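Heads up, the next two complexes both have chain A, just with different partners, chain B and then chain C.
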Partner chain A sequence: MSGKPAASAPVRMFFREAIARAAREAMQADPRVIIIGQDVGAFGGSYKEFAGLYDAFGPARVRDTPIAENAMIGLAVGAAAAGLRPLVSITYMDFLMLGLDPLVNYGVKARFKTGGQLSVPLIVKTTAGAKGQGVAHSQCIEAWMMSVPGLQVFAPSTPADAYLMLKAAFLAEGPVLFVDHKRLFPVAGDVPPSDAVADVGRAAILRAGDDLTLVAHSYMCRVALAAADRLGQSGIRAEVIDLRCLSPLDIATVETSVARTGRLITIEEGQKICGVGAEIIAQLSCLPLSFHCERIAALPAPISSNPVLEAAALPDPDRVVAAARALMTKPLHKEYP
Partner chain B sequence: MDEIDLLRQMMTIRAFEAALMARPDHGFQLLSTGEEAVAVGLCAALGPDDQLLTSGRSIGPALARGLDSGAVMGELLGKLNGTNQGRGGRGHMASPGQGFFGAHAVVGGNLSIAAGVALAGKMHAAGQVTACLFGDGACGAGVFHETLNLAALWALPLLLVCNNNQLAISTPVQEGVAVAHLTDLARPFGIAHDSVDGMDVLAVRAAARRAVDFVREEGKPFFLECRSERLAPHSSATRETRSPAAMEALWSRCPIARIEQSLRASGAYGSGELDRIAGDVADEIDAAMAAADAAPFPAPEDVLHHVW
Partner chain C sequence: MIYALTVPGPIEDAEEVRVLEWHCAVDDAVNPGDLVVELETHKALVEVRAAQAGYLRRIVCADGGWCAIGAPLAILSDTLDEMPGEQADDLPMLLVEFEVC
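What follows is the complex of A and B.
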């Protein structure tokens, strides 16, 4: 609690600015924090999400790397295990595949495999999502990472959460995969003061409703909210839940909502098979809960740079609204089973 | 450390591995037999505040770095007295507090990790050298080249030690790496390098001392190749691909016999000395085995500890 008057009020800023602010504050607070990645230095990051850090902290702490994701992540893992607190930036989530060995086989397992001697306080920040850049620069593979025990997966949808969750990630004991989204960087929102803390492990209810539950994360929260607006115009009250943290997953908040609404639509930009929605529905299905559900995800095809094909593959409010209307026609069975 | 200590350490590694493999419950192991001089010569050159990372062929390096042989045996057998409470096994044995940052069983996977340890040392522990042992098999991996590039660009205090035992399981180094000499791999990055007979512990120690001094004083990476012979199969579960005649010829290069004969010829010790060392080593191995046997296995519920 600094008590500084200047920090006491929310500030409106872009999502990318919220990331830079969290990183700047972490670097000010802890000399062990360093930023590693392609074009993170004077260039300020591909989306200006590290703007100003190089000037403030210099080349020893804001380090441009060659294009070498495997070694970048491995080096960051080793540095974290040896006492630093690195954030390594992987420009596009598609390229995370190149660095999964050091992250999954060393970083995430270090504490387990050494019996607690080593821990790896590392952030891998990466940008997911489609925005015209084609089959190898668009993917959302965060669901793959949910099945790695020990890897926390953060996927904020608002500037406030980008700030609060990145701040929390800098304090985490183990590796955090921080997933942002190309279409979120230009989004503006109120960001709380620097003394704010958030329970980043809890899902957030972005909009309350009793008729059905829409569950999303990252940019798809905006799709869910747009769909909820349209449904509201025809009298259907949709509750919108932002998962925020995909692993560990806050299933309790989803369960509470679905217990009330009896209808669930999961929305994600990644794939349906073994996706976030698949996991949520599987977990809820094992509970004494009766509900109708639908999964909305990218179509089972690569994400093309062709604007027609890209749009055809991606979930949009139309698909959510259509699925919601179909679910609303199904009678609820309030008694279990 | 005098030369008799080098011999004693090498004999300890050999006897340790022999005792381990005599047990029916030895598990999946990669032995250092034939490669003891690389580990012992390198560790003789490292300071107490330096760090060592190794590949999954970790037993020799762990013992050479001074880890308690009972804790190493316990780790290999999955016991709670192990360095990692029996959780890591041979592929991930670690004791960072003793300068043994540890093993990593993904071939080449320890290289970039070591670069990160070296970066942390450069930023917050002036004068620390991070050494990374890996095999010739790692030299074909992309991350090897990525790491050399980064280490050169960032002037990392990283000593890259290639234990070139000339075989990646069954693939000869000539068929796995296109360069004529592995030190050629360091040249394009401007990384200083040396190559030494890895069967000669005195030569390894001398070369490693020069390399460690270079890294510490210049603050730059160094690539040291140690040409060794694998005198055992790749692993306890791998069939030997070389002929008995070829193996017999290789055994004539045994690094332990070499230093022992050299010391004897120089009059460094008398005729009873070798037996006395062998007796001390046997006692240590017996004690290590007893400590591991006396220690419990983890409880099944321990599987969920240290995950999140």
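What follows is the complex of A and C.
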């Protein structure tokens, strides 16, 4: 696996394989890169997203840990401050909560506290999203993390971005929270060659349209695209924007789209209150822009492991289509009020 | 008759599969129970076995290729005298059995 020549053309692969490829290339390129977490070693990662790395790089660089998120992130912060480039894998984003003290109070602040003398080039990779595992293994708390100054938050929706953005995270100066999603691992897509570079910090327009703007990130981009397809069948042209990166947030791309459409729906799997959509709408409200908007998010309840209740709590294309139709009935005010 | 061997389904969580390995070559006879092709989802292997006899005539999706659930993988015929065309999309489906391992 490590003896393969660098790919020179896009290669189709599963989302988890794109992550493994980015990690493998980073480990080949830089001996300071290490991977730590539960089941990252011989098992190859909880979602097989680190498959092959243990065999290629050995137990010193691909290290299994006990289930102790606070200690895992704590030692990774220390290792990064001391000169390594660790990726620490937190299998369920729910348990990132246990590691927030070392990440937020030490990892992210080290650069500020030392006047830039100490940097903490750390990746915390974690998997968000609901897929039948109940109240404490389903949450999307990435919006909390957007308000931590100095923490970058990446949330790709495609195998190509998983590869490019994880590669970029391995080169970043400070901590990066890399959020993937349980329902993205089965997705396949074309991944660019190894000399491609991510346009980190820029949102992507996944589908162009003039009637309304749908903004999402991670798995919800697929919900947005499915809704846009259905809206398109009835003549409503929805633009779909994939934020890709929540911090820094590319509000300019959203603004340009909403200036044209005058209608915005934000879609996220986390909570509505103080969510990604709330932040986007708040930022747009401070601009000379007139628009109608709606936020779609998980219902304000814990996510049940009962599949009927889980589905009822989560945003789906039906909810997006209904919200879009309602917004389309509102007249546009092109003038700034 | 001429048939299409399509990616069987539904397979939990899978929209698209990768062909891991063909176990038959073009013009091989295929009998019920024979392992014809192994497919890969993001986390599982899918063994596809013939549930009717025939001859493998053309592989549409070779080893390493990608194919959506329900899309054609190969063309088979009842006899070697029949000449299958290029088009696999509108053919009747070959009966198969599959197991997700």
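The rule is simple: the second predicted complex is superposed on the first by the 331 of 337 C-alpha atoms of A that agree within 3 Å, B and C clash if a C-alpha of one lies under 4 Å from a C-alpha of the other, contacts with A are read in each partner's own complex, and residues count from 1 in each chain.
We adopt the following convention: a residue touches a chain if its C-beta (ideal position, glycine included) is under 8 Å from a C-beta of that chain, and two chains touch if they have at least 3 such contacts.
Note that the structure is predicted; figures quoted are calculated from it, not measured.
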First, second, both or neither for A:53, with chain B first and chain C second: neither
Which of chain B and chain C A:101 touches, first, second, both or neither: first
More chain A residues in contact [chain B versus chain C]: B
First (chain B), second (chain C), both or neither touched by A:12: second
Chain B versus chain C as contact partner of A:117, first or second or both or neither: first
First (chain B), second (chain C), both or neither touched by A:162: neither
Partner chain in contact with A:185 - chain B first, chain C second, else both or neither: second
Interfacial residue positions of chain B with respect to chain A in the complex: 51, 82-88, 92, 94-97, 101-102, 104, 106, 109, 111-121, 123-124, 142-143, 146-147, 149-150, 153-154, 305-308
In the complex with chain B, residue positions of chain A that touch it: 32, 34, 60, 63, 65-66, 68, 70-84, 86, 101-102, 105-106, 109, 111-118, 149-150, 152, 174, 248
Complex interface listing, chain A residues touching chain C: 12, 14-16, 47-48, 185-188
In the complex with chain A, residue positions of chain C that touch it: 13-16, 18, 41-43, 66
